[in-house]
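Two complexes follow with subunit A in common, the first pairing it with subunit B and the second with subunit C.
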Partner chain A sequence: MSSKVSAKKILEEVGAEAGDVIKIVKPNITYKGILLDRPETFDKNYITLKLDNGYNIGIDISDAKIELIEKSTKSEIKFEGLDIKEDPNLPFISIISTGGTISSIIDYRTGAVHPRFTANDLLNAYPELLDEANIKCKEILNILSENMDPKYWEKIARAIYKEIKNGVDGIVVTHGTDTMHYTAAALAFMIRTPIPIILTGAQRSSDRPSTDARLNLISSVVAAKSDIAEVAVCMHATPHDRECYLHRGVKVRKMHTSRRDAFLSINDLPLAKIKDNKVEIINNNYIKRDTMEPKLNNKLEPKVALIKTYPGMNAEIIDFYVENNYQGIVIEGTGLGHCAESLIPSIKRAKDAGIPVVMTSQCINGRINMNVYSTGRKLLKAGVIPAQDMLPEVALVKLMWVLGQTKDFEEVSKMMTKNLVGEINNKSSLIYFPGGYHGLEKDRS
Partner chain B sequence: MDWKKIGLKVGLEIHQQLDTKHKLFCPCKCELIDKDPEFKIFRKLRPTLSELGKFDRAALEEARRKLKFIYQAYTNETCLVEADEEPPHSINKEALEISLTIALLLNMNIVDEFHVMRKQVIDGSNTTGFQRTGLLATNGYVKTPNGKVGIQTLCLEEDAARKVKKTKDGVIFRLDRLGIPLVEIATEPTMNDPEQVKEVAYKIGQILRSTKVKRGIGTIRQDLNISIKDGARVEIKGVQDLDLIPTIVKREVQRQLSLLEIKNELQNRNAQVPNKIYDVKEIFKNTSSKIIANSPHVMAIKLCGFGGLLGKEVQPGRRFGTELSDYAKKRGVGGIIHTDELPAYGISKEETENLKDYLNVSDEDAVVMVVGEKEKCIEALKEVQKRAKLAIKGVPEETRRALSDGNTEYLRPLPTASRMYVETDIPPVPITKEYIEKIKSNLPELPEEKMRRVMSEYNISEDLASQLLKKDRIDIFEKIMEKVNLEGKIVGATLAYSLDEIRREGHDIDKLTFNDLLDVFKLLENKEISKDAINEILAYMTDKNCSAEEAAEKLDLKLLSEDEIKSIIDEIISENIELIKERGTNAIGPIMGMSMKKLRGKADGKVVNKIVTKKIQKLVS
Partner chain C sequence: MSSKVSAKKILEEVGAEAGDVIKIVKPNITYKGILLDRPETFDKNYITLKLDNGYNIGIDISDAKIELIEKSTKSEIKFEGLDIKEDPNLPFISIISTGGTISSIIDYRTGAVHPRFTANDLLNAYPELLDEANIKCKEILNILSENMDPKYWEKIARAIYKEIKNGVDGIVVTHGTDTMHYTAAALAFMIRTPIPIILTGAQRSSDRPSTDARLNLISSVVAAKSDIAEVAVCMHATPHDRECYLHRGVKVRKMHTSRRDAFLSINDLPLAKIKDNKVEIINNNYIKRDTMEPKLNNKLEPKVALIKTYPGMNAEIIDFYVENNYQGIVIEGTGLGHCAESLIPSIKRAKDAGIPVVMTSQCINGRINMNVYSTGRKLLKAGVIPAQDMLPEVALVKLMWVLGQTKDFEEVSKMMTKNLVGEINNKSSLIYFPGGYHGLEKDRS
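== the complex of A and B ==
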């Protein structure tokens, strides 16, 4: 076999670029088609060709001759412009896009899913949203949610606040699903809102016929028109394209890697079900529209860590954060809120250095109680702040926000144990676990 | 008919399920499930932009029907991948290897790197809204008595979900079939003889059977691409019976020729299709037609210059009106009523005249009516208008469904190439030359090679060997021959001919297992039965579900021992001793006859003959 030559170099020699029609002559066969870009992760000795029949194939060009047949203008994905007329009888909803699967599209030049779809494109793809409301779109970020960062939460909060001040009736934020529950929690602490702020996303991208984006979006717009003036996450309630749940932003977690109904309310009931473009309230304990003056407080202390404990964990992990000047630590402990006793000296050292340490549980479901076992009591004595039934991620975000307000240990401790925006429920209901409200409907037909 | 002169071009597409341990993109088994579904999942699909930024015609068509889908699922037999709730797993390597084997047997050129694509299909048969498919090989051929036929492409793809039933506003599918690996083999569209198409289908089928593919109903499906000069490419789906292929081709040719005649006539008449849709319920307010009286709405359109043509036959039993009706039915109405067939359905002559007067049409024109809900009527009539406009231009490109009589009916417009984009969840799979060489050195025996070898190895005729091959019993033949010491032609003839005779007599031979057959031949080998008894024993086994031994006993067909035979013959001789005395050795014939009458099926004729001859000779000497 001849030695491998990078395809890129050979293509440069004949002046062929992605989108051009080329001919490839190999010892036994000749192919003709459109040259496509290859993602960087693919083998560099091959090129990707789109044949006339629509199929892509990869060709090893170490034994091939390439001929440029036709330079091509690159086709762009374009929607026809929508003629949008304002309907004074419909409410005004702002859609703020931040990226993620919901706004992904196939980039045919690289063949990868890219967060390139703007909020306006979404409206073009789902014009039925306009039957529900007058919709204004704003693209403020375009990132995959794994790249979300506290500084972006501040930015999103600012944009939302501006829209509230502009007098819209509700807000929908499109977001990648991986970290949507962190953003939801952050917004809940940062903004006092008189109107609904609904986060939504998609587990199947918008370029697919089976995307969950349509139902999630339309249901979110419906939720944004509702009476529920809270930060909430609106996603598929089941694997069916039939209804969405509206989850309280500080009580929701992505609990599945891929299912449409990945988001579950934890230690709480969903606020509502959105079905056939109608809101059915499930949980009456919510803040009503127009009962709150809008207020923005988006100051955060990002230097806070979330540490999961495990058997055999070395205390030096906690020391690392203390030495590196972290301002707060949330521990995702075991069971009712424990960790190995060997960690307690380091935890005490952190507290003594003025770093608040908050205890949550890796059980996710349920409330911590550090009085039941001696380790818990020792941890409390060491100054650990119990986070009650707060989710670890919510405790992390809350601690960032609280530390943005005050660095006073006593004050921090007080705020962390007090319910501010629905993140702590004092009462645990039987129905909260294991997602008793949720699940596939058995076929009984 | 001179097929070349009319420019007949036929291409064949064969879909064959592979017999792999698990599905193409998940670990579920490739088996259909008969038990009641445990879950149902409700979904809606919508068309999306493809990577080239064009909406697909066929996809839009389906979207307009706003179908809702229900998928039946199971706890253990299906998983999240089929439900489109989990990304596809890595491609099944076993399926890839079988496909490569098939590609090499078809003399094809294999791609260097296999890319999985998403082919948009939003009829609900895929939960994702697309079928995963990849092009694995191109440029092959098969040889037939009528020359070489090119094999254009071989694709490895996932089978679609199984349609369970259609409901009022959607379709119910079962997820069991979704994801079973399939190869799709497409020939060049160059065949110009209906019989050759069947030959090629048969030949490819034989090659497929020499590899690890599924057998049985529904595991192989044939589609045909047919066009004639000035006609259009028409794809005919779901051809089940190979013997029907020539009829389907001939009838499609007939259809296209008739449509071309209609086109010429329409153009001569300067035919027009006005867009206006009329509400004509008023005309029928006192009607005695039940169809019309029972319908909330009766809507009509004018087809100017179409008069008399709707009744023209395009295929046996199918008229041009049927073509229009097929389009209307896609919009949920029962069909159309047109003036070429009126008065009928209880609609009177007077009402027909009133209708024509109301719409101001002459005999050169036609009126098409549909009944039902207003929305559906309008949608249906728009479809009829669309089809009628196409008729003026000629033969429309269509996907059609094969009917069991060799006719076809309209399914949807022909899909365009823009329905394909890349499956981003599955990285491309390089196929190295070394890997191809390894498969090449292990290729299975081709059917014809196998036939030749079996002929010489077991000393059987070409006719017998080819029958065994054709009936797919050549492997069973070989396996039995390995285990018994019998003449090849006896085992061969039983498998190739007797089994079908038994079937024709009304016995269910599918009940017979390999071991059942082997047991029968073992009895023969051990001289416990005669070869004349085989058919009767096999038939009895299928009817009574019993073993070969039991059947032979119950039927009293077990061969007697030589002593038993001798004693029976002795008895016959002593009863006929006068005859022997009278005729001497000439009595051998009649005595033999009497013995065989008593011993048929229980003793070998040769043995009986030997004993009878010996005894009589001894008596008379």
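== the complex of A and C ==
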């Protein structure tokens, strides 16, 4: 077959469409699988096949013959219901599902991923969870987390609080990974909890053989049984399917687009490692089970802006937010908490209009210190509130929450600079920062 | 002395002001040094002293007696001029200074840091540079880099190009660290170079004993003599004063507010390590000296916006930029390159108005892939240009540069998705990402 003939044309000739089962016969090898919808590769004569083992493979079909084996039929994945009996010797854990990749399956017609699994489906898929706890599942949302919104945080917080009051021993929230760290921070400010609240997700959907959902979910259930009564994120610790880290919800960030170990503790150590269904404490500085009386305070002011500064940024964007009645602004500045001096008059106008302006750093790691350089001092004089070692995302969520409690500028300023739930660490440590080693250096001391 | 008496009052009583030399007599120890201006510590009864060895120390003066030794006199630091002779056996390196901490000294009256050292001052401070090369210094700016602006990039590029045409063997640019990675990216797009162009700076000012300026500067001169004819950033590789990494200018980011090893290569390996004034190549994939004909193309379109998305973000901010005649928009989305679906209509309107919208990820590490999830596919359909594994900051600078060359949408889209100067890496490697190890794990494989 000539390489001038496009994959599109070849597929048309045999009548094969995305979703169909096809056979590809090459000189030395034959493949059978479901044709995925990847038209962007067609002009390079590549097609993508979903093999029986679940993996996708790209195949050059310049020298191949293609046979249509079976036209696609729309199929629903259905698990058999399990007959679950309560074991009074095991703790009671609630799994609340909100959507995301962990609740998703691949649509083999389009090759794209859609949310569909509920928490109940996950329980059916991983019945070994029932060896760890009595598990009750509840679906309260089914969205991809890029569509997460402050009003949903309020809803999730209410659902969690209800479960706490119901007397469960721990809660697992399944969530998309894109904005899981924002939700974790929001829940940490909204809920005072006597039990663990563990958020988890997956970087590969639950119906893939390579999914990280199983280990993340079972580790989260183990963490939810533990003594760590905080809002925490439980995700893979390494690229391997071996162990998870438990990260404090206000000190964690998604730091890689696709890796299973994408979540890192920032300016803090992970709380614990979960390995072989056991909790190994890393960071002894945590709130213990049954220390806090449960309390829900889920009121937020959603009209808060996050502005990342950059060379050449025009101050008009700050004026825009002030004119449009935003109630607070978080700036993601540079270095120790700076921005171009040309922005300072607009920042001062915001402050004079009663709008708190909070400074964080786009360096992500490390601490704001606005006393070192002249720019920082000018910003402090203009009334900017330094966010210390808070992540920009956490400062944003905290400002929404603080403004939900009070609009008094002095009170907001005091609350923003005070550690409330572990979001500000007064001490730093060299090992908080992975550094530039990239595995090249052994000596990290 | 009672702990109820404030430090402010005690200092007033003895007539001591910031900048004065004072003596502090405590029961078991006596200190002498310059009083720094840190009023924020006064109500805790702490004052900060600059000791003769150059270090700052915080001292509790509740139980101390204070004596005023000497009132401050405004002093200018001046280095003796060196009588520099040309050595024809050594390469010729130009150092271009633009300001920043490396060019700064502490104002002991206020405790703040101001830019003042020129490249010539640095040469006077570190005459050992002359063992490495014949060095010519040129000051073209003296600003803190938070005030860096695209129009300054054009100016720096012109100055560099002039030195290339003058026939020097390499160029070092001293720069503030806050936005050094933005400038490095801008220069990489603007200048085709047959010689190394090395940016460096300091996290501690040059008059401090703890300064990183000396090692960064000498390592940069060594790198400027090397075979690596790219725009690169040379900064400490570890927190120690031992070695530097050379990072490709379009693949580097300031990842810590204060550490000396704050700069990391992202989605790439460092080009080299500079240790004991020697270059050890790490990444063989670099452009060699004298491969390229020099060319300057420093035209930029500065009206480009960078928008970081977050839960609850209102689409009106995109409309604002479109209405205000911005010529391009870079979105720092979540995960693989997503944002809330509620933003898509505004993104589509921007695209329909001929404004290219480029998608990057706030995860920083990893690659955009907008084919996996339904949101990504919808964004692609709306005309969003995926920035692959480009850093958001680099995508912003590249879009400014590309729009300086053409306003044709298809041409912009083609240039943005094509690797021009190393800003897009088609292959990824596990070791690009330091991961969540924090020194806790030995096995990185």
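Keep this in mind: the second predicted complex is superposed on the first by the 353 of 445 C-alpha atoms of A that agree within 3 Å, B and C clash if a C-alpha of one lies under 4 Å from a C-alpha of the other, contacts with A are read in each partner's own complex, and residues count from 1 in each chain.
Definition applied: contacts are C-beta pairs under 8 Å (C-beta built on N, C-alpha and C of every residue); 3 or more make two chains touch, one makes a residue touch a chain.
Everything numeric here is computed off the predicted structure, so don't read it as measured data.
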item: Subunit B or subunit C, by number of subunit A residues touched; value: C
item: First, second, both or neither for A:C363, with subunit B first and subunit C second; value: second
item: First (subunit B), second (subunit C), both or neither touched by A:K32; value: neither
item: First, second, both or neither for A:K407, with subunit B first and subunit C second; value: neither
item: Subunit B versus subunit C as contact partner of A:K275, first or second or both or neither; value: neither
item: Subunit B versus subunit C as contact partner of A:K138, first or second or both or neither; value: neither
item: Touching partner for A:R192 - first (subunit B), second (subunit C), both, neither; value: neither
item: Which superposed partner A:L396 touches (first subunit B, second subunit C, both, neither); value: second
item: Touching partner for A:S258 - first (subunit B), second (subunit C), both, neither; value: both
item: First (subunit B), second (subunit C), both or neither touched by A:P239; value: both
item: Footprint overlap on subunit A, comparing subunit B with subunit C; value: 111-113, 239, 257-259, 440-441, 443
item: Complex contact set, residues of subunit A against subunit B; value: 1, 28-29, 41-43, 46, 48, 51-60, 75-79, 105-106, 108, 111-113, 125, 204, 206-211, 214-215, 239-242, 257-260, 440-443, 445
item: Subunit C residues within the subunit A interface of the complex; value: 38, 40, 101, 110-114, 144-150, 153, 177-179, 182-183, 237-239, 245, 254-259, 261-265, 269-270, 273, 282, 302, 304-308, 310-313, 316-317, 320, 324, 332-342, 361-369, 371-375, 377, 393, 396, 400, 430-441, 443-444
item: Sites on subunit B touched by subunit A in the complex; value: 36-49, 51-53, 59, 72, 80, 83-87, 109, 111-115, 117-120, 122, 127-130, 133-135, 138-139, 153, 155, 417-422, 424, 427-428, 430, 433
